[in-house]
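Some structures are shown below for you to check.
You will see two complexes here that share subunit A, one where it goes with subunit B and one where it goes with subunit C.
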Partner chain A sequence: MDALLHQVLAGLATGGIYASLALALVMIYQATHLVNFAQGELAMFTTYIAWSLINAGMPYWAAFFLTVAIAFVLGVVIERVVIRPVERAPVLAVVVVFIALLLIFNSVTGWIYTYTIKQFPSPFPEQPILGRYLSSHEAGAIGVTLVVLALLYAFFRFTPLGLAMRAAAQNPESSRLVGIRVGWMLALGWGLAAAIGSVAGMMVAPIVYLDPNMMGGVLLYAFAAALVGGIDNPWGAVAGGFLVGVLENVLGAFVIGNELKLSVALVIIVGVLLVKPSGFFGRVQVTRV
Partner chain B sequence: MLLELKGVHAGYGATRVLHGIDFAMGERSISALLGANGAGKTTTLRAICGMVRTQGEIRFGGEDIRHRKTEDIARLGIAHVPDGRGTFLHLTTEENLRLGAYARKDKPAVARDLERVYGYFPRLYERRRQQAGTLSGGEQQMLAVSRALMLAPKLMLLDEPSFGLAPLVVRELFGILRTINAEAGVGMLLVEQNAAMALELADQGCVIETGRVVLSGSAKDLKQDDAVRRSYLGY
Partner chain C sequence: MSRKTIALVIVLVVACVLPFVVSNYHTFQLTLVLVYAIALLGLNILTGYNGQISLGHGAFYALGAYCAAILMDKANAPYWATVPAAGGVCLVAGFLFGLPALRLEGLYLALATFALGVAMPQLLKYHALEKWTGGVQGIVINKPDAPFGIPLNADQWLYFFTLAIMLVMFFLAWNLLRGRIGRALVAIRDQHIAAEAMGIHNALYKSLAFGVSAMYTGVAGALGAIAVQFVAPDSFNIFLSIVFLVGIVIGGLASIPGALYGALFIQFVPNIADEISKAAPWAIFGVFMIVFVYLMPTGVAGAVRLITARRKP
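Up next is the complex of A and B:
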């Protein structure tokens, strides 16, 4: 029983990280109806930036917030420079651009920082809290995730800019007619998604260690999370993230063993697509023909 | 002149729809664009808003706006109530209205305009927290007109505001449009199938056939014109 509780709590911690990255995927998906395959590598790259800043002697939290800001700017710049020219291109062309970004970020990071695995510090103290069930980094990661979610909710729900971003994602043409600069809203969305991703990267790095391929697995879990929730539903993505995190940990520990953990994500992805392609919280798109 | 079009050509891809539209309307006036389906009425409105590729000259308050982006044209004070109403279906009624005022910085005036719009359409106030997609057709049309009003426009482009509405609702809506024009001095360019109603509301009008203006004049003259009467008024 103790062991199960421990696995569930640890699952919630990693689940929060999956939830953040899934949320970043959903944000881009809502605006463009495309899944950004490079989201994970972008998060990984910005985590390396944080590592450099910390190694240069910057205090952790200063490096954390500076990294989030850098990630935001990087996201905006990528949208303006790389994505914008293919805005009207066929879907496959854009997907190829995403995959190119994935490879570029992966290789450039390997080239700059080498493929040697690095330790990434946690800002939270060593000793576990909640007895022996939860390390303080895990508890901290859950806390950070919840703060990010609350901030995002407040931004989209209560600010005019957040409202305009929702409007631009739903109905670009009407948005232009009320004076919303839709192109910039897309760029802002990319910036926010990259910023959320960087938080996920910095939270997961102390657990999986820092290396250029660290986000591969995480991105797969995030895909599974986004699909479980319905790829167009932010709340679903968050719920899906926590669910996938817990399932992965519990099944990994007690049922299929740690080596097969990643296949849980794949089974979830295939299963959801087969049984309920719109996800469990998603909107079913009906088109009259 | 509030709005002037000179030799405006426009189309979609290889299909040319407008073949040189000439048209002008003054400040605070109401103009009606009449014409059969496919004549180019909607495309004329879309050309004014920069939503299609155009040639020619489009002036708003004397300024050439043809090369401007749709969002910048909206910010100049042209509010377009598009074909199909353009409602943000998943947002609430009030969020739709707040989006209408997105480009404005004068918060107290926006709050006053929100009150004013709710005054015109009390039904929208009752449904302000409801998802706009759940409103009835008539309510959505009221919402579309209200959203345009929230821009505090100098000119409103109305694309078939009567479409799909019960005659009583149309009468109510047109009454409010007249009030808005009289109270706030908003110029209106109205595209309508319902020519009788449109000419009732408008000061002047013009008839478009296959992308050209074939007839224009005061609403009174148009109502008495034999060709207009036979083709568009149906008696």
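Up next is the complex of A and C:
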């Protein structure tokens, strides 16, 4: 029982990280109906930026917020420069561009920082809390996810800009008619997604260590999380993230062993897409023929 | 003779002469080009002609490679017999994976196949299969020698063996794609509702396309394993699947010669770029992909078509 409780709590902690990245995927999906395959690599790249800043002597939280800001700008720039030209292109072209971005970020990071694995510091103290069940970094990661979620909720619910972004995602034509600059709203969405992704990267790096391929698995779980929750629902994505985190940990520890953990994500993804493509909380898509 | 036939004959003659004028190592590289060409043709049937995006074709390549390796290592099968076996296994596997894929369109299929590609190395390492797959260590296989005392060394023989299979596979694909079935595949890609209305069995054709595509990739995997003489889980990671995607985008979507151009690109460009940095080939792949999507969506094959069309009197 003890072991199970420990696995569930640890699962919640990694689940928080999956939830953040899933949230980033949902942000972009809501605005553009695209799934960003490069989201994980973008998060990894910005985590490296944070690592450089910390190594240059900056205090952790200063580096943290500066990295989030840099990630935001990077996201906006990518949308403006790379994604805009293929906005109306067929799905295949868009997927190819995403995969190209994935390759570029992965290799440029390897180029600059080499492929050797690096330690990434955690801002939270060493000692475990809640008895021996949860390390403080894990508790901190859950806390950070919830804070990000609350901030996003407040942003979309209470600010005019948030309202404009929601409008642009829901009905671009009408939004344009009432004077919302839809193109910039999409770019902002990308910026926000990149910023959330960078938080996820900085939270996961102390656990999996920093290396250019660290986000491969995380991205897969985030896909699974977003799909479980319904890919157009931010709350669902967060719930899905925690669920996938717990499932992954508990199944990995007791049922199938750690070596097949990624296949859990594969099974979840294919399973959800087949049985309930809209996820548990998503809206059912109806297309007119 | 038409210009096309003349060009084809010249290419064939060059292909037959090449292994006698270049070193063994280069012959080995050229063999890999042929192998990739078969794999790219397979992916092109699915993605280029039928419009189903697969980011996990490396998984079928791996399946074919492991089929060949296990048959040779455990069952002492002759190398030539493993190629059709691998093709058959992958045909069935692809068809079965294609059935659930029917319900997934565009992006979602890309997602599901991406997951397959990422999860594949772990599946190959699974300890319950270690008896056959050799786990992390993989399997080492022997390079076959030329039979009947043909005066060719092992590399040259393997090159011609692969070339023969490639020609057969290309001929079959050409035949398949220019007829009724090929038209049906393209119709499904362009307008699946209209295709359905014209009496094309969408579900059947789409899963068949998946099966045939996986079969091509599996045959390529088997040939690749024989050429490299080694299979290990980590050589079949997600980047292999991505390389295939790079190949068909650069070579040309929905084009048969495009598979060959793409294969040349993914085999030789990394060799050149490797001299800059270990990471450089991937960055170059990425940049090329974006540039091609923007400027040359029909790939090298499209450019070649354009040039030859202009030069016609």
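Just so we're on the same page, the second predicted complex is superposed on the first by the 287 of 289 C-alpha atoms of A that agree within 3 Å, B and C clash if a C-alpha of one lies under 4 Å from a C-alpha of the other, contacts with A are read in each partner's own complex, and residues count from 1 in each chain.
To be clear about the criterion, a residue touches a chain if its C-beta (ideal position, glycine included) is under 8 Å from a C-beta of that chain, and two chains touch if they have at least 3 such contacts.
Since this is a predicted model, take the numbers as computed values, not measurements.
Put simply, more of the residues of subunit A are touched by C, taking subunit B and subunit C as the two choices.
When the two complexes are overlaid on their common chain A, residue A:A56 makes contact with neither subunit B nor subunit C. Once the two complexes are overlaid on the shared chain, A:A89 sits against subunit C while remaining clear of subunit B. On subunit A, the patch touched by subunit B and the patch touched by subunit C do not overlap at any residue. Subunit A makes touch with subunit C in their complex at residues 34-35, 37, 82, 85-86, 89, 91-93, 95-97, 99-104, 106-111, 115, 216-217, 220, 223-224, 227, 257, 259-263, 265-266, 269-270, 273-274, 277, 289.
Interface residues of subunit C facing subunit A in the complex, by the touch rule stated above, are 47, 51, 53, 55, 100, 103-104, 106-108, 110-112, 114-116, 118-119, 122-123, 125-127, 193, 238, 242, 245, 249, 253, 277-283, 285-287, 289-290, 293-294, 297.
On the side of subunit B, the complex with subunit A involves touching residues 49, 51, 69-72, 74-75, 79-80, 82, 86-91, 95, 98-100, 102-103, 147, 151. By the touch criterion given at the top, residues 160, 163-164, 166-167, 170-171, 173-182 of subunit A touch subunit B in their complex.
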